[in-house]
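Chain nomenclature is as follows: A, B and C, assigned in order of appearance, with residue numbering initiated at 1 for each chain independently.
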Amino acid sequence: MSYSFDWSSIPGALPYLWHGARITLEITALAILVGIVWGTVLAVMRLSGHALLAAFAALYVNLFRSVPLLMVILWFFLIVPAALRALFGEGMPDIRLTSAFVAFSLFEAAYYAEIMRAGIQSVPKGQLSSALALGLTRGQAMRLVVLPQAFRNMTPLLLTQAIILFQDTSLVYVIGLADFFGAAYKVGDRDGRIVELLMFAGAAYFVVCFAASLAVRRLHSRVASP
Amino acid sequence: MISIRNVSKWYGSFRVLTGCSTEVRKGEVVVVCGPSGSGKSTLIKCVNALEPFQEGEILVDGVSVGDTKTDLPKLRARVGMVFQHFELFPHMTVAQNLTLAQVKVLGRSPQAALEKGVKLLERVGLLAHRDKYPGQLSGGQQQRVAIARALSMDPIAMLFDEPTSALDPEMINEVLDVMVELAEEGMTMMVVTHEMGFARKVADRVIFMDGGTIVEDAHKDAFFAAPQSDRARLFLSKILHH
Amino acid sequence: MGGYHWNWGVFFQQVPSGGATYLDWFVQGVEWTLLVSAAGWAIALALGALLGVLRTVPSRALRGFAAAYVELFRNIPLLVQLFLWYFVVPELLPKALGDAIKGSPPLAQQFVAATLCLGLFTAARVCEQVRAGIESIARGQRAAGLALGLTLPQTYRFVLLPMAFRIILPPLTSEALNIIKNSSVVSTIGLIELSRQAQQLVDYSAQPYEAFIAVTIAYLVINAVVMYAMRWLEHRTRIPGYLVAAK
């Protein structure tokens, strides 16, 4: 190995990297929140028995799941704003962060929808029947009886998807947003220390994701046991 | 033929077998019974080293099973085994199930293996099904194929691990009939089963296990006429009222 | 949408540098996407099967090694892994080898890094599927194979793997689709595959909607073709009478 390491540019860059990490976490958190809510709505629509709603949800989910996330990010960065600009005129502010929020939320919703659909289907049919027999409306039965159980059954999968989402946020690199990875790359590029910064970023992601996946596994074995 | 000497086995710190000793002589049929969790299936799986054991010794035709120098595939090829859930290979036809090990383990030619397989299928009355897949057969038929598969290796002894307990009641007899026939031909057999009718009919000895130990090991007449232990008496009365 | 001029004819126009149409660019993008995905998939399938087997063998050390591999490759973002392969690994290799890599044509460097990265990343996921497939049948089938005198490798080859692969065909289909989608990430190191071509078409042709719609449809079509191919394979390898649900 001919390379001589020099890690000295990392300590000074920590505040900048932390700023990037906050962007990573913001996108992750918002996309989880919106993704789960919108995804659950899509899942309910898909199982509603209403032909039009079910078809819309199916189309939405299949479209987003067939296209690379990177393409979706570009869609919402290059194409949708252009359309908006055509509608509302020029002079829009920096939309990189907003477009990333939107892209991740809508994209992740498709994946969460599939998880929630499986979750709803994992609840025995008798649960819905007995809730209806008690006089609850379909909506109430779904909200009060079926969905809580579906969430409980799917918690490990929802969390695993969240870890994947956390990793995927690094793709905002393609629209030049300085999330944690983007920040690390910029620092490395500036100081000619790409090797060190990339290894540092890789290690940081690994530590966070590995710890999180261990926690999910522990939770899973606790949920699965009783 | 099969000597089990003072065998003990642990799963971690949990002791599943304690000092088990018995002997199965050539041509003998020994039935092993006992409540579930008594260790009878574990013991029989120790005989062909599907389960390792930590203490004691098992000899099959003079070969030590626990010895690390023993060629286990070779030893297992000489001992036939029939499983509770049949364990036919689902992606192979009946004929392929019967020939795979003959070709791969014994080195027989595919034709010779098929000839042998056909003969055995005829014997268990399933020749017409030779090109079907296991999933297309009933449980009883699958278990008869499994017996034929084990016999195709020309084993010196046969081990049966609850061969009828996964079967619907109406299919039990077709399997037992094959086993009775085998016993009457003089095959050395060690059979874990709850079928006491089978034991009465063809067993030479009955071993009763409970809590990982061999509680009784007696000639079948003695066992059925007057079990020595309370646990065996309780077990027999429960079986009757089953 | 007010002033936009739709012009699907743009694909037949010459690109600014000449000698090719935008359609040629688009087709090249499709080709690179398929090439990188297919090469990566070959690595993923071979290595993933091997690792999946290792996850289920009696040896603790081998099981641990495979598990560590999976954790390492699953917990670092694909983009970071790609940059590590492309920018970092050549620096860490022995000097002569590293220099040889850095001296080779950029396209070759990009292709090798992209393929390796996608292959090794996806292998971790294939490994987990193979392991799950083996575990779903292993208890009884392994004993049955061994009891017949088959060696452990023979039991894997003739008994466990043929069945495990049939069982995991549906999840493998998703992984095959994933590697195609994931291949879009290699655009970041300059390989001009389909998604990079979309950006390039936007930059040069000034017809962004046509470019993006065409590329999106291309992904949909590739997806559909792979899915039907895998369905066909599932159908072809289906075993009469065998219900996956029964297990």
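Rule of thumb we're sticking to: a residue touches a chain if its C-beta (ideal position, glycine included) is under 8 Å from a C-beta of that chain, and two chains touch if they have at least 3 such contacts.
Fair warning: this is a prediction, and the values are worked out from it, not measured in the lab.
Asks: Connecting every touching chain pair, does the picture come out as line, ring, star, complete or other?
Replies: Here the contact pattern is a line, an open path with two ends.
Asks: Among the chains, which has its CA centre at the largest distance from chain C's?
Replies: Following the centroid criterion, the farthest chain would be B.
Asks: Would you kindly tell me how far, in whole Å, the mean C-alpha position of chain C lies from that of chain B?
Replies: About 46 Å, centre to centre.
Asks: So what's the Cα centroid distance for chain A and chain B, whole Å?
Replies: Using C-alpha averages as centres, the distance is 54 Å.
Asks: Find the geometric centre of each of chain A and chain C from their Cα atoms only, then give the gap between the two centres in Å, rounded to an integer.
Replies: So the centroids are 21 Å from each other.
Asks: Which stretch or stretches of chain C touch chain B in the complex?
Replies: Against chain B, chain C makes touches at 140-141, 143-151, 154, 158-159, 162-163, 166, 239-243.
Asks: Give every residue of chain C touching chain A within the complex, in rising order.
Replies: Residue positions touching the partner: 1-4, 71-72, 74-81, 83-84, 87-88, 91-95, 98, 177, 181-185, 187-188, 195, 198-199, 202, 208-209, 212, 215-216, 219-220, 223.
Asks: Would you mind writing out the residues of chain B in touch with chain C in their complex?
Replies: That would be residues 45, 48, 50, 72-81, 83, 85, 87-91, 100-101, 104-106, 132-137, 149-150, 153 of chain B.
Asks: Using the touch rule from the top, collect the residues of chain A that touch chain C in their complex.
Replies: 1-3, 63, 66-71, 74-75, 78-79, 82-83, 86-87, 163, 167-168, 170-171, 173-174, 181, 185, 194-195, 198-199, 201-202, 205-206, 209-210, 213
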